[in-house]
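Two complexes follow with chain A in common, the first pairing it with chain B and the second with chain C.
The block that comes next holds the complex of A and B.
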C-alpha cells in the first residue's frame, strides 16, 4: 500500500543557486576593489557579471514567491522596487570610483557623488518600510518582520566582532557600508528558514 | 490601582539587557587590557574578542524573546516598530558613512559603532511610538 501524506524530498529552490552565484560575484568584486587583483578588462567584466546575475536572481525570487502561493500586489511592488534599488546601487558603485578619481578631493561634486552612492541603499531601506505599511497579508508581513529582525541581529553581532577585531588590529579595515549586504544575506537566509519551518 | 510598567516580561527583559550590557562592557575593557597590555597569544586574543559579540547576540535573543512573550498585540507591534526604526537608522547611517569613507570624505570608524547607531535608533523608535501612538512602549 502506498504511503500517503509523505512529504516530497527537499529540493533547493533555483533562487538559492542564483543567490549563491550573486553573492560570490559580489564578494569577488569587493575583494578586487580592495586588493586590485584583476587587470582591465576583467575588472570591468566582473562588475558587468554582478549586474547581469542580479536579473535572474530577482526573477527567480519572484517566480518562487508565485509558486508558493498568490503574490500580493504589495509584494510584487516590493520585489520590483528592491530590484531597481539593487541595480541602481551596483551601477553607481561600479561607476563612482572611476568618476571620483577625476574629481578634486573634498569638492562638492565628490560629496554629491558619495551621497548618490548611498542613496539606493537608503532607498532600499525605505522600500522595506513602505512594504511593511502596505502589506495586508498578515503571514507575509510576519515573515518580513521576523527576517528583518534576524538580519539586524546578524549585522549587530558581525559588526561587533569585526569592529572589535579591527580595533585591535587583528583583521583588515572594512568600509562602513558592508553591514548592508550582510543584512541582506541574513534576511534572505532567515526568510528561507522561516518559510521552510512553516511548511 | 494604577497600572505599573514593571510587568514580569518587562522586568525580565530589563534585567537580561542589563546583564548582557555589563558582559559587553566587561568584554570590551577586558579584551583590550588582555590583548593590548598583557599581550596574550593569538587564539586567546580571538576567544576574548568574541565575548562582546556574544553579549550582543544575547541582547538580541533577549529582545526577540521579549517580543514573543508580550501578549498584547498592540504592545508587540510597538516593540517591533521600535526595532525596525532602529534597524533603518543604523543601516542608513552605515550606508551614508560608508560611502563618504569610500571617497575619503570621512575618517574610518570601527564597525561596532553601528551598535551605537542602533541604540540611538531604539530611542528614536520609542519617540516615534510616543508621537504617533501616545505610548513609549511599556509592556502591559
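The block that comes next holds the complex of A and C.
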C-alpha cells in the first residue's frame, strides 16, 4: 500500500466495546454463580443479558470483518455456526445447574445432562475443523491457523502455570474445561495482533 | 519412500506402538492411583508426573519410525532434538519445583518464581515449535506438523469439555490442570500418526 501521508488516527472498532461489555457480563455471571451475590429475578436477568449481548457482539464482529475486506462464504458460515454453538452453550449452561439439582446424584440422567452440556463445546470445535477444511482464501486460512496455534501455546503455558499454583494452593481449583475459554481469549488476541501486523 | 529396511525401529526392545501403549496405560494408571487414596495427598502430583518420563523413549521410537519411511528434514531433526531436551528439562524443572514447594512451602513472589521455573521449559516447547514452523522448507512436512498441532488442540479441548462437564455435575473428580500438557503430547502423536497413515 503506498504511503500518502500521516496514517489516520486510531479508532477503537465497535466490536471491541461489545466484547468488553460481553466479557464484563460473563465475569459478573461467573462471580454471581460462585458467590451467590444476586437475588432471584436479577440472577436470571444477568444470564439473559449475557445472551442478549452476544447478538450485537457477533453482528459487530461480522461487520468489522466485512469492512476489512471481502468475507469468504466459509467465514460467513463459520461465524453463523459458531454463534449458534455459543448461544446453545450459554443456554444449556444456564439451565443445566437448576435441572441437575432435581436429579439423583450419579444417575444416568445426570450423565446425559453432563454430556448435553459438553455437546455445544464439542460442536464449536467441529465448526472450526469444518471451517479450516472449507476455507479457500489462503490469507484467511493462514490467519486462522496461526491464531489457533497461538491460542494452543497460551493454553499450554497458562494451564501448566495454573496447575502448579493450584498444587501450591495459591489459586482456586479450575474446571477441566478451563482450557477452552483460555484458548478462545488467546486466539482472539493473536488474531487481532496478526491482522494489525499485516496492515 | 525408503522401504529397504523392513524391521520396525525399537527403543529398549519396544516399537513406537509398544511405547504408546505403555504410556497410555501408565497415564490412566497414574490418574487412578493418585485419586484412589493409595498414595498420600502430597505425593499425588509425583504420581501424575511420573509417566512423563516415558515420553522420551516414545518420541525417540516415533522418530525412528518416521526416519525409516523418509519423513525427515534438517529443520525437523533440529526441532525433535530441541523437543526432547525441553521435555527432559520440563520433567527435571517440574520435579525440582514440586520438591522445593513441598520442602519450603513458599508464598507470594517466591511461589510465583517457583511456578515460573516449573513452566519455563513449556515456553521452550512453544518456542521450538514456532521456530520449526518458520524454518521448515518442505511444504508437506510443514503442512503435516500444522495439522498434527491442530489435532492435538482439538483433542485437549474435547477431553477438557467432556471431563469439565462431568466435574461440574459431581460425576468426575476435580483435577489439577497439569493433565493438559501430557494430553497435548498424546494428541500430537495421534495427529502425526493419523496423517502419516493417511498419506501412505
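Odds and ends about this structure:
Keep this in mind: the second predicted complex is superposed on the first by the 195 of 199 C-alpha atoms of A that agree within 3 Å, B and C clash if a C-alpha of one lies under 4 Å from a C-alpha of the other, contacts with A are read in each partner's own complex, and residues count from 1 in each chain.
Quick note on the criterion: a residue touches a chain if its C-beta (ideal position, glycine included) is under 8 Å from a C-beta of that chain, and two chains touch if they have at least 3 such contacts.
Owing to the predicted nature of the structure, the values given are computational and were not obtained by experimental measurement.
Placing chain B and chain C on a common chain A by superposition gives a clash between them.
In the superposition on chain A, contact of A:105 is made with both chain B and chain C.
In the superposition on chain A, no contact is made by A:83 with either chain B or chain C. Judged by the document's definition of touching, chain A residues 96-97, 100, 105-106, 110-111, 113-115, 117-118, 121-122, 125, 129, 132, 145, 148-149, 151-153, 155-157, 159-168, 170, 173-180, 183 lie at the interface with chain B and also at the interface with chain C. Listing the residues of chain A that touch chain B in their complex gives 96-97, 100, 105-106, 110-111, 113-115, 117-118, 121-122, 125, 128-129, 132, 145, 148-149, 151-153, 155-168, 170, 173-180, 183.
Per the touch definition, chain C reaches chain A in the complex via residues 45, 94, 97-98, 101, 106-107, 111-112, 114-116, 118-119, 122-123, 125-126, 129-130, 133, 146, 149-150, 152-154, 156-172, 174-181, 184. Against chain A, the residues of chain B that register as touching in their complex are 28, 31-32, 35-36, 42, 45-46, 49-50, 52-54, 56-57, 59-61, 63-64, 67, 80, 83-84, 86-88, 90-92, 94-105, 108-115, 118. The touching residues of chain A, counted against chain C in their complex, run 96-97, 100, 105-106, 110-111, 113-115, 117-118, 121-122, 125, 129, 132, 145, 148-149, 151-153, 155-157, 159-168, 170, 173-180, 183.
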